[in-house]
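Going in written order, the chains are labelled A, B, C, D, E and F, and every chain counts its residues from 1.
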Amino acid sequence: MKKHPPDEQHTDTEMLKVEVNLDDTPGEWLGYVMDKLFEAGANDVYYTPIYMKKNRPAVLLQLLCNKKQFDQLKEILLAETTTLGIRYYPLTVFRMERQTRIVQTKWGEISVKEGLQNGEVIKASPEYEDCRKIAEKYQIPLKDVYSEIWRLV
Amino acid sequence: MKKHPPDEQHTDTEMLKVEVNLDDTPGEWLGYVMDKLFEAGANDVYYTPIYMKKNRPAVLLQLLCNKKQFDQLKEILLAETTTLGIRYYPLTVFRMERQTRIVQTKWGEISVKEGLQNGEVIKASPEYEDCRKIAEKYQIPLKDVYSEIWRLV
Amino acid sequence: MKKHPPDEQHTDTEMLKVEVNLDDTPGEWLGYVMDKLFEAGANDVYYTPIYMKKNRPAVLLQLLCNKKQFDQLKEILLAETTTLGIRYYPLTVFRMERQTRIVQTKWGEISVKEGLQNGEVIKASPEYEDCRKIAEKYQIPLKDVYSEIWRLV
Amino acid sequence: MKKHPPDEQHTDTEMLKVEVNLDDTPGEWLGYVMDKLFEAGANDVYYTPIYMKKNRPAVLLQLLCNKKQFDQLKEILLAETTTLGIRYYPLTVFRMERQTRIVQTKWGEISVKEGLQNGEVIKASPEYEDCRKIAEKYQIPLKDVYSEIWRLV
Amino acid sequence: MKKHPPDEQHTDTEMLKVEVNLDDTPGEWLGYVMDKLFEAGANDVYYTPIYMKKNRPAVLLQLLCNKKQFDQLKEILLAETTTLGIRYYPLTVFRMERQTRIVQTKWGEISVKEGLQNGEVIKASPEYEDCRKIAEKYQIPLKDVYSEIWRLV
Amino acid sequence: MKKHPPDEQHTDTEMLKVEVNLDDTPGEWLGYVMDKLFEAGANDVYYTPIYMKKNRPAVLLQLLCNKKQFDQLKEILLAETTTLGIRYYPLTVFRMERQTRIVQTKWGEISVKEGLQNGEVIKASPEYEDCRKIAEKYQIPLKDVYSEIWRLV
């Protein structure tokens, strides 16, 4: 398999979606499970509310990962949730060319992730953690930090 | 307080909405809790998916009841869920004039609940349990039972 | 009751929230009902997914309106949905001082609704319909229209 | 590949499901994106509420399309949303035999889409747009238009 | 294909996920459909709230089944819902080694399903129906029945 | 107004529910807003997925607070979200008698919050943060920490 530098446009055919239905794991544990799965290298983890049999409000856990990570993430799911089964299927991921740019604001530097198409920047997302830290340090609304960056990019 | 016969149009000012947020009660128990609350006289019980702090998918339990039923329903919520607090507020309920009509179908009788306005029937709902029993007895789609009734009313 | 000019900061004590649980109205009708309720003057209408008894995925319709509009909106709910009952309770609404400003972009004028506190603009929302029309006329992403305005305000 | 007339029962093996998780695209834009995707030929587009990391309520956009449409729809997703990646996987679609029938009502003609199995009509859906127009023209509840058709089919 | 005894750890490559979007099937029917699909052998059935075009709150029905069951379940979906199309894709299911153990409580026997890894029990789920029956018979909270079992296993 | 010690059973009549509909605040900001509202003293904050006009997936923010906290929380909502209006209504909260007990486990001490009725403990919730820290320190599943406590209480 050819290896792509992570930032160039490419199509990744080595990804899996992994799913588990949970009707007897308390919500309290699920915040913890999400953190553990991210730490272990999941590309994304998210919850969807579902309705299961016998009037049970429940949760569908979905995660995206590289095939090579599956075994490790499976172990976490088995150890940390109540499920006895884990289902998965392959998917393809198209990823835009991307680059990180440092924007100088009046409060300091903020990273902005940019998406490029045909060499042109078509979208820009300020790094949330950078914005959050500035909002907290200067006691200003997070919204104002984002607004300032939108003015500058 | 004046008492209304249950089927006449009236405005009920003696109702409460009761709410509990649940992030550590497993979904499996919640189907059971719903049944218990209906048995004890709740007018309605329903679940809404919510997102609570620390990334917890959780459930908002809401129930509607008469003020006189509150104490009994509160006991069930305290006994059967993990909550330590229960919140509630009064609401007003407008109820249409309603009557039940028996419709004769090729498979037998089905009750239809009708809503009236100014003495005129403006809506008709076949009784779900009657339709379900016929669908199961005659091994026909539930949809076909409803269609037949819509043709007759 | 004192009348406020609509744009000044004020607290409105004449509002109601109206609610209906719907487990036998098809989703297809509900888009239509929403339009009718807005046309008749509802301040807001929105749907929440709920889980009702007997494993029924259902919908909670909520609307906000002035007390004077209640009767008319009630008629629509009774005529257009399958419900036989409508519940409601009063609420208070705090509304910020607001003003509309016209922003001149390279594609034409766009209205921007501004929220003020202590005489200072603290937030600005481009008018969606203005942005949509420009995006469609010039065949540019809606996102780019918003970005341009954020640069200008 | 053999081409099927669109109305005959067939199994389509050329379909894709395309997915994007969105935690920084405002809801306001997503109504617009849905319209653009339908205009460009998506078979279906729908949103699911999800919970992402860091306590973010977010939206999963899913769309169904023919493989040949993927490139065009991908361009719209990249241009109109904030995502940097798009995932997809093939699926198979079984489609019933279907036909359109014109039903004559007291208010005019309404198309009804019928589903057939073994040559027999087993379901019938009135065309929403036809029903909506009649409901608006004659100022009658949409529900009554559907009821009338159910009586006739 | 090699056949596994159902309780040993194994990876099942013969499963399908089947999906239907429903915007004109009333919620009332969907509880019934779920029961029918389970009776006919579906491994799991669950509903997810979705938002479809034209402001329609709708429901995504998903079911998991063995490929051999697909035809029978397809017939139920076509007969009992309003859909004209059914989509599906294969998935792989990893299943833990499991065993059932009978736990003796002060109220009688309760089955507990245990999940094993490397021969060691790493999770235990009391059988819901056993617990429910005891809770109802002895008029004790379901929560207390579970607590008692957690003390014993 | 009589003041209750916080741990005794009491009915609190000084609470408000505050609500905001958000269709143009990105999900990314909402995780931040939740933290700010908790820091400022909200009793609870939670998000519900809703569907608003023009096909917009949106979010209902709800918070519970004492009337005295309303002004401060209102300022945060106005500063950190895009809303121009905030609605609220009073509610009553019943709170069980509660006490905190320290449970000695093989890994160290864990607080358990207990709910009492007529002087008897009827429910017990281990403190999540205590359990999380032990799970991380000893690299054991969170589930096992809870199981151990359930065995001891």
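One rule holds for everything that comes next: contacts are C-beta pairs under 8 Å (C-beta built on N, C-alpha and C of every residue); 3 or more make two chains touch, one makes a residue touch a chain.
Chains and their UniProt names: A, B, C, D, E, F = Nickel insertion protein.
Computed from a prediction, not measured in an experiment: that's the story for all the values here.
Asker: Which chains lie in contact with each of chain A (Nickel insertion protein) and chain E (Nickel insertion protein)?
Answerer: Chains touching both chain A (Nickel insertion protein) and chain E (Nickel insertion protein): B, C, D, F.
Asker: Any chains in contact with both chain C (Nickel insertion protein) and chain F (Nickel insertion protein)?
Answerer: Under the touch definition, chain C (Nickel insertion protein) and chain F (Nickel insertion protein) have A, B, D, E as mutual neighbours.
Asker: Quick one: point me to the chain whose Cα centre is farthest from that of chain F (Nickel insertion protein).
Answerer: It is D.
Asker: Which chain lies the greatest distance away from chain E (Nickel insertion protein) when centres are computed from Cα atoms alone?
Answerer: Max centre-to-centre separation from chain E (Nickel insertion protein) belongs to C.
Asker: Could you tell me which pair, A-F or E-F, is linked by more C-beta pairs in contact?
Answerer: Counting C-beta pairs in contact, A-F comes out ahead.
Asker: Shared numbers divided by all numbers used: is that above or below half for chain B (Nickel insertion protein) and chain D (Nickel insertion protein), i.e. same or different?
Answerer: Looking at both copies, the contact residues mostly coincide.
Asker: Based only on mean CA positions, could you tell me how far chain D (Nickel insertion protein) sits from chain F (Nickel insertion protein) in angstrom?
Answerer: Here chain D (Nickel insertion protein) and chain F (Nickel insertion protein) have centroids separated by 39 Å.
Asker: Nearest whole angstrom, what separates the Cα centre of chain B (Nickel insertion protein) from the Cα centre of chain F (Nickel insertion protein)?
Answerer: Each chain reduced to its C-alpha mean, chain B (Nickel insertion protein) and chain F (Nickel insertion protein) end up 28 Å apart.
Asker: Could you tell me which residues belong to chain A (Nickel insertion protein) and also touch two or more other chains?
Answerer: 24, 28, 34, 47-49, 51-55, 57-58, 79, 82, 89, 122-123, 128, 141, 143 - these are the residues of chain A (Nickel insertion protein) that touch more than one other chain.
Asker: Taking the touch rule as given, give the residues of chain F (Nickel insertion protein) at its contact with chain C (Nickel insertion protein) in the complex, in rising order.
Answerer: Of all residues in chain F (Nickel insertion protein), those touching chain C (Nickel insertion protein) are 19, 21, 24, 48-54, 58, 60, 74, 78-79, 82, 84-89.
Asker: Using the touch rule from the top, collect the residues of chain F (Nickel insertion protein) that touch chain A (Nickel insertion protein) in their complex.
Answerer: Checking each residue of chain F (Nickel insertion protein) against chain A (Nickel insertion protein) gives 28-29, 32-33, 49, 79-82, 128, 132, 135, 141-143, 146.
Asker: Contact residues on chain D (Nickel insertion protein) for chain F (Nickel insertion protein) in the complex?
Answerer: These residues of chain D (Nickel insertion protein) touch chain F (Nickel insertion protein): 22-28, 30-31, 34-35, 47, 49, 52, 54-59.
Asker: Looking at the complex, which residues from chain D (Nickel insertion protein) come into contact with chain B (Nickel insertion protein)?
Answerer: 49, 51, 53-55, 57, 122-123, 141, 143, 147, 150-151
Asker: Would you tell me which residues of chain D (Nickel insertion protein) are touching chain E (Nickel insertion protein) in their complex?
Answerer: Residues 15, 17, 34, 38, 44-49, 64, 89-96, 98, 113, 115, 117, 122-123, 125, 128.
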